[in-house]
Amino acid sequence: MTSGPFSFPMKDLYITDLTRFENQQVTGFFVASAKQFRAKKDSSRYLAVNLADRTGQIECRMWDASEVGDFNNGDVIKVKGLVCRYQEKLQINLDKIRLAAPGEYDLADFVPHTVRSIDEMWAELNGFVDSFSNVHLKALLRAFLDDQEIAGALRHAPAAKALHHAWIGGLLEHIVSLLGLCELTAKHYPEIDRDLLMTAAVLHDIGKLRELSWGTSFDYTLEGQLVGHISIGVAMVESKIAQLDSFPQDLRILVLHLILSHHGKYEFGSPKLPMIPEAVLFNYLDDLDAKMQTMRSEFARAEAAGKAPDQMTDWVRAMERPLLNTNGLLKR
Amino acid sequence: MTSGPFSFPMKDLYITDLTRFENQQVTGFFVASAKQFRAKKDSSRYLAVNLADRTGQIECRMWDASEVGDFNNGDVIKVKGLVCRYQEKLQINLDKIRLAAPGEYDLADFVPHTVRSIDEMWAELNGFVDSFSNVHLKALLRAFLDDQEIAGALRHAPAAKALHHAWIGGLLEHIVSLLGLCELTAKHYPEIDRDLLMTAAVLHDIGKLRELSWGTSFDYTLEGQLVGHISIGVAMVESKIAQLDSFPQDLRILVLHLILSHHGKYEFGSPKLPMIPEAVLFNYLDDLDAKMQTMRSEFARAEAAGKAPDQMTDWVRAMERPLLNTNGLLKR
Amino acid sequence: MTSGPFSFPMKDLYITDLTRFENQQVTGFFVASAKQFRAKKDSSRYLAVNLADRTGQIECRMWDASEVGDFNNGDVIKVKGLVCRYQEKLQINLDKIRLAAPGEYDLADFVPHTVRSIDEMWAELNGFVDSFSNVHLKALLRAFLDDQEIAGALRHAPAAKALHHAWIGGLLEHIVSLLGLCELTAKHYPEIDRDLLMTAAVLHDIGKLRELSWGTSFDYTLEGQLVGHISIGVAMVESKIAQLDSFPQDLRILVLHLILSHHGKYEFGSPKLPMIPEAVLFNYLDDLDAKMQTMRSEFARAEAAGKAPDQMTDWVRAMERPLLNTNGLLKR
Amino acid sequence: MTSGPFSFPMKDLYITDLTRFENQQVTGFFVASAKQFRAKKDSSRYLAVNLADRTGQIECRMWDASEVGDFNNGDVIKVKGLVCRYQEKLQINLDKIRLAAPGEYDLADFVPHTVRSIDEMWAELNGFVDSFSNVHLKALLRAFLDDQEIAGALRHAPAAKALHHAWIGGLLEHIVSLLGLCELTAKHYPEIDRDLLMTAAVLHDIGKLRELSWGTSFDYTLEGQLVGHISIGVAMVESKIAQLDSFPQDLRILVLHLILSHHGKYEFGSPKLPMIPEAVLFNYLDDLDAKMQTMRSEFARAEAAGKAPDQMTDWVRAMERPLLNTNGLLKR
Amino acid sequence: MTSGPFSFPMKDLYITDLTRFENQQVTGFFVASAKQFRAKKDSSRYLAVNLADRTGQIECRMWDASEVGDFNNGDVIKVKGLVCRYQEKLQINLDKIRLAAPGEYDLADFVPHTVRSIDEMWAELNGFVDSFSNVHLKALLRAFLDDQEIAGALRHAPAAKALHHAWIGGLLEHIVSLLGLCELTAKHYPEIDRDLLMTAAVLHDIGKLRELSWGTSFDYTLEGQLVGHISIGVAMVESKIAQLDSFPQDLRILVLHLILSHHGKYEFGSPKLPMIPEAVLFNYLDDLDAKMQTMRSEFARAEAAGKAPDQMTDWVRAMERPLLNTNGLLKR
Amino acid sequence: MTSGPFSFPMKDLYITDLTRFENQQVTGFFVASAKQFRAKKDSSRYLAVNLADRTGQIECRMWDASEVGDFNNGDVIKVKGLVCRYQEKLQINLDKIRLAAPGEYDLADFVPHTVRSIDEMWAELNGFVDSFSNVHLKALLRAFLDDQEIAGALRHAPAAKALHHAWIGGLLEHIVSLLGLCELTAKHYPEIDRDLLMTAAVLHDIGKLRELSWGTSFDYTLEGQLVGHISIGVAMVESKIAQLDSFPQDLRILVLHLILSHHGKYEFGSPKLPMIPEAVLFNYLDDLDAKMQTMRSEFARAEAAGKAPDQMTDWVRAMERPLLNTNGLLKR
């Protein structure tokens, strides 16, 4: 996990810049992956490695394997080499490689991150919690937000490995968007307990802090694979409640139920169906917010791939259909 | 379909009042159903008929069948008879029956109806339409709302035969609730075209005006059964658009798409999946509003059946689970 | 929950005995349910109530409601009355009712219970745990079995509200049967970690101690409905592990995974699919043992209903098919 | 859409002929697609483009991009170049490219088309309609067939973008085959209304005239994607009926129902299940005729790929199984 | 199983006639079922038994149990008694009961049977077989039809216990209807091997001769339940082929495949999907013919229940939808 | 099928050895597949062929096609050539090819085979059968095991084409493992008929002897594709029983039922669901043994691919999840 941003040196060279440097020497910091030694015809060996940052990835070769320093997949390394083209694709023939020092780079340059300000979103989140009238729920959420380890993670965690909000700060961005929706819909449906609904927004994915790891790439932890964020989240909430004075038993059951049921269906990994109004409503909001973000990403991807704004996207697997950006169509 | 309310005489006696009149003579207006002549031991015949109003239903007998006047199932009749108890259930032994005259009763007394003011909701609906900035969509909706036949039906239609909002004015109530949700969520997601979304709210179920009949009971029409409200609605919109000047072709396709996809899944009868952001969002709002109303009805039913407010309801078939009213639980 | 058995007075009269007492006075202890006051023709009231014990249930009436003492559904009461027949069914016309005192009855007479000795099964369970070579898993299980509150509940809990092993001691009986299967199959598949597999057998349903209540009838608790035995069990294990010294983190994840995945499929309420050999194997054993018990019960029910041993049972809903007892067929 | 056939020059050279011209100069007309300019090592650019006709497709290069004339994907172009082999695949190195003039080619040479005579099938279709005894249905179908725009499209439309009958004239071929089946089965089942059944055969896919576009390739229109051929067809029928005198309302509902239900299941995009005998029967015939054609295509494809006639085909995705041509097997 | 018809005495009195005999003495032959002795208040016993024939069923009582002769459920008995009405339903108070002698009744009067002539249908079936040009298939079918035991059963077997064609002669009626469809469609699709397709029509359900029993009621045999008509049929065909000279191996596999795949889907009990054109086609024809017959039965049932010919039927469970008789609608 | 092992010459060179011979001449025996002649630039032809043995596969070229001798895909050939590297992959440029003589090789070297001794497993199987107390079942199994053709096949057949136990001797290995499980579980559940259960273990997949072919590769036979091992097995058992004296009819039905139901679900190709305790139990054991073997194979494959023992495998398609080897994890 990263700590506070803004204190690191700017990254000079991104993968997407490399097209401008064909046949030139370049120097830069990248994350290594798929490191492999392969045999040459003369039985000596060369290094094949992929370099990546948050803008993309490139295949590289270092022909003199004896010069390769000590590094592992996932490490940030500093490299120097010649950008050239092989079988119509760019690659870098590396001359030098060394492990980057911790202070030389900002992790945020290597993985995608939110376009919103984390500090602003964090303030927004705290503002919502401060507005609670239910003292027990406010105390529970403060116990999470005032826990420095959790707060540090919550400011940076992605909301997913690969689907919606899969970037640094994505979980926080998703939570804050949901809190806005909760505010609006709780007014529309007066039978809804606003604080309970908002508690679901803050805690429903809290287990992702331990389900996912987000260093130079996003991945599942062993606990994430075998236990999953829903059950991890339940355990985290049980643990915090155990430290609070006189948290009502019924309220505890309701909060756990909101986490357990937020995927809405058994086949989506929820061991309980939503059985209270707040759980039914929250399941819709959570799913909706994810889908809205998925559509934004797909429209951006289609545009990047050269589709006209009034064309349908290709088949979107996550939604099992192609999509159409209404804005593009209405403007033509 | 009913015309304007408030001009009819008050109904004096409701089915739910009858327990107070056991062993007494009563007179009142009710809707007839399940009318049948049965043989007595002496081979003469008697009449068996059910009488109903919006509060319930009761089995009745008229032992002298020769006195039975001319009426059909679905007619409102005026009856006189003795309330008695047979095999632990109340019934009325009828002495007199006659067909009620049109001016003698208010249809609204015989079927469930909304607790909100229809005039107020109608004004709210018109207010939303007046706020449109898209002149084409505004013109389309005005074409519907200014059509006296449609307006008359839309003020009274139920939203369903038996599930959510199954009462006079239910469709209008559902539309107005959706328009409120559209206003809120269109602000939350700036990529959403507010007027297009609201057009879906007004028109998505417009085909129910011809799918359902709502006289003294709610039922499907033949067209409703064999064509269905989605396709009827599409035809109604096509017909109105054909009368408008220069309605843009692309916009026409989007409006039709919103109607066709609003059930969200093929297996729910939508021949198209939502493929534009407004359709994706609207499907969530429509489904959510129906579920919130279903929960309200189920909690009311459970309370009427004597459940404590902090108890789970029985199995709710429409949602395939039991439900729990959070309010009841949190107050204990 | 009941405490130690064998110290209570024998129950003299069971529901199944009543056919021998038609038109006679009887006295006995039963559990009350469906208590209701109904109006008589003369507007006075009478009591309608169902009486039950572990052999069955009967409808009763007490015509003089003023004599009805103070009791609630679920209470054990002592009654005196006349067994008679009304519309071809037996009922009791009650003369006297009073609440039973705690010492007057054995709860076990009112709910079905295991035919095996609880003490023997408890010893068997402890013997298996003593045989563990993995000190961490042995310590974890001892923490459960040595917890007096848990042990007391575990000796009596049913394994289900209505399906397989739905009787007092049923959960323990199911666990002990599974431990036997674990012993056998762990030998057959040497890659299986026997102690880990047996830990699953003991803990997989431990959450049922809080999911179910078993007084005079079996029911779900609120926590059972909204949280469920899988998540309750996870929390109970997390809590016990937190009190142990140096329980290995990976082992903790594996134990939690075994509980979370033991239903084998998402649609059966498991939020995780079995991903380790012990979890895959355990899911088969658990499901198999439940099905074998279901078949035993169905064959007993069919026999009780007068089916010949070589006839198929009626449709068995829990297995979506009729069944045939091979033993009966092979002997003919 | 194409206009009348037979007036265009013969195409001299097809993609499948090119193997005979390796290392020779060729000249011919083809449809362009995937047109792209790519950078050469010396930073100048070359053209990469695919050329196709109804027999197949080939990758081409034009190394001097400055000679590339003005054309778009989908255009028919005349090219001259050298057929050569690169990495074991044929390609053409182009010397000259120019846009073809409308009179120089027959569109039918560039897309697959029916092997039957369109004029003969058209006459057959009209013969069936002339045989109707139901004057209303005959008038409705004549309104379609006498509409020059519709008739022109109906003579050439494919029945699908990619599955069964995906060729010029495919829809007409499918309709005529269905009419034959309707004639036979209406005799077998006397309760069937022959004219109503045949009306379904003619109109069930009429919306495909606007769902698909078939110029130099087959594709979905925007209306096709967002509205779909079922709903388009319903609107087309409503529009024609509105222009007819006194078309019976019930008959109108039945015709719409036949179109709406012809896919037979919700999950196949039918918003209504077949509820009348003609709809149930027609759904079987439509599905059967498509499957029979799919099998013919798959056997032809397997034979082209060198399978022996008595061998099973590879996995056929559209039917989720491999297939076997009985004829081939029985002859061995 | 019955042998030749027409040699038995006419049945004089049917269940449906009894309404005309209220309060009169009647005498007649009926099938007994649900025979039971029950206790009277004075502890003596009375007989309760249901009597049935192919037109319906009635509850009966014989108050003096000592007079009840020896008979079992399923037996045809001759009874004498008084038709009276109890709680608005007719019943017979029996005075005399005796077992009917084999020659006194025609089994066909007690179970529903085809309205077509069995002899005519048998001739039709043999005519189709005689028309075969494939000598092997003709020999195979003759081996079945010339087997007296099989022929006797095939002339009378129902096609199902409760669904379509559930009457004596129903299987033969279904086969003959299918043969007609085979003739028609084999002409329409020239790639179809007519004799092979017709072999499927004759043999696909041949296992029902051992799956079902049809004495005085229709039921499953043990072999029917545990093995099923598909596998029984395969074994019967294997057995007949083993007795034929030089039946080609490939043809044997195709015939077995047609039987195994005729239900079309795994979930309908076919262990193989149709993989040859004849199997694909036959699955449609078989399913279609069953559905057409189901619709006929449902329309007859609705009419019997008093529905108007232009009304939708109630929900038809076998087809999961209500149905509408087009004929009724078009005539109004 | 192979005959007795141990009499063939050792294979000297395996595919996996070739990396040690880069740029060297090699000679060896391999199975040919994908034999194809391709055109060279000068219009002469060269041979492309794949060579395989049980350790892997390699692409080869023979540039002088005139030297290619006569052989077909599936034949074992002896080749001589130079191992070289083309586009980073090894291939052999062949100089000589000739068909291998039957005595020159052991088929077992060319396809994967069990690591257990076939003779030992065969003895184990016979031991189990000798222990039967049910004389009919013992006679039935002896009829199979004493049939030399069946015994020869059963000793070598794989249990599948590609999934679990897909190697020579795999079916026997699977049977023997199941017999062990049957012994254990029949003791645990005393209501189980041990001999009947074991009969299922031996015969459930007996139809695979004709469903699969296993020469130099594993494949489906035509009968396997169109009839399937379940129905083939049923026919084989029917045939053997027909030759036995007085095999009880009910027992015959039970044995057939065990085969027909052993896949446990319709969608897995079982035309009958397990309806007797032995069938229910056997379905679990069969599925379990397959899954345990699948996991072993997947862990071996992951290890071969360089995964650490405590890492999750990649997605395992046959089980629709990734897997984790507990042993690896617990040892870290």
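By written order: A, B, C, D, E and F. Residues from 1 in each chain.
In the analysis below, a contact is a pair of C-beta atoms (placed from the backbone, for glycine too) under 8 Å apart; a residue touches a chain by one contact, two chains touch by 3 or more.
These numbers were taken from a predicted model, which means no experiment stands behind them.
Chains touching both chain B and chain C: A, E. Shared contacts of chain A and chain C, meaning chains that touch the two of them, come down to B, F. Against reference pair A-C, the listed pairs A-B, E-F or B-C yield one interface repeat, E-F (criterion: more than half of contact pairs the same by residue number).
For the pair chain B and chain D, the distance between C-alpha centroids works out to 45 Å.
The multi-chain contact residues of chain A, meaning those touching 2 or more other chains, are 222, 225-226, 250, 254, 275-276, 312, 322, 324, 329. Taken as a contact graph, with one node per protein chain and an edge wherever two chains touch, the assembly fits none of the named shapes, being neither a line, a ring, a star nor a complete graph. Contact between chains, as defined at the top, is found for A-B, A-C, A-D, A-F, B-C, B-D, B-E, C-E, C-F, D-E, D-F, E-F. Interface of chain F with chain A (complex): residues 85, 88, 312, 322, 324, 329.
Contact residues on chain E toward chain D in their complex (touch as defined above): 177, 180-181, 184-185, 187-189, 191, 193, 196, 250-251, 254, 273, 275-278, 280-281, 284, 287-288, 291-292, 295-296, 310, 312, 320-327, 329-330, 332. Here chain D touches chain A in the complex through residues 38, 41, 222, 225-226, going by the rule given at the top. Of all the residues in chain F, the ones that touch chain E in their complex are 222-223, 225-228, 230-231, 234-235, 238-239, 250, 253-254, 256-257, 260, 266-272, 275-276.
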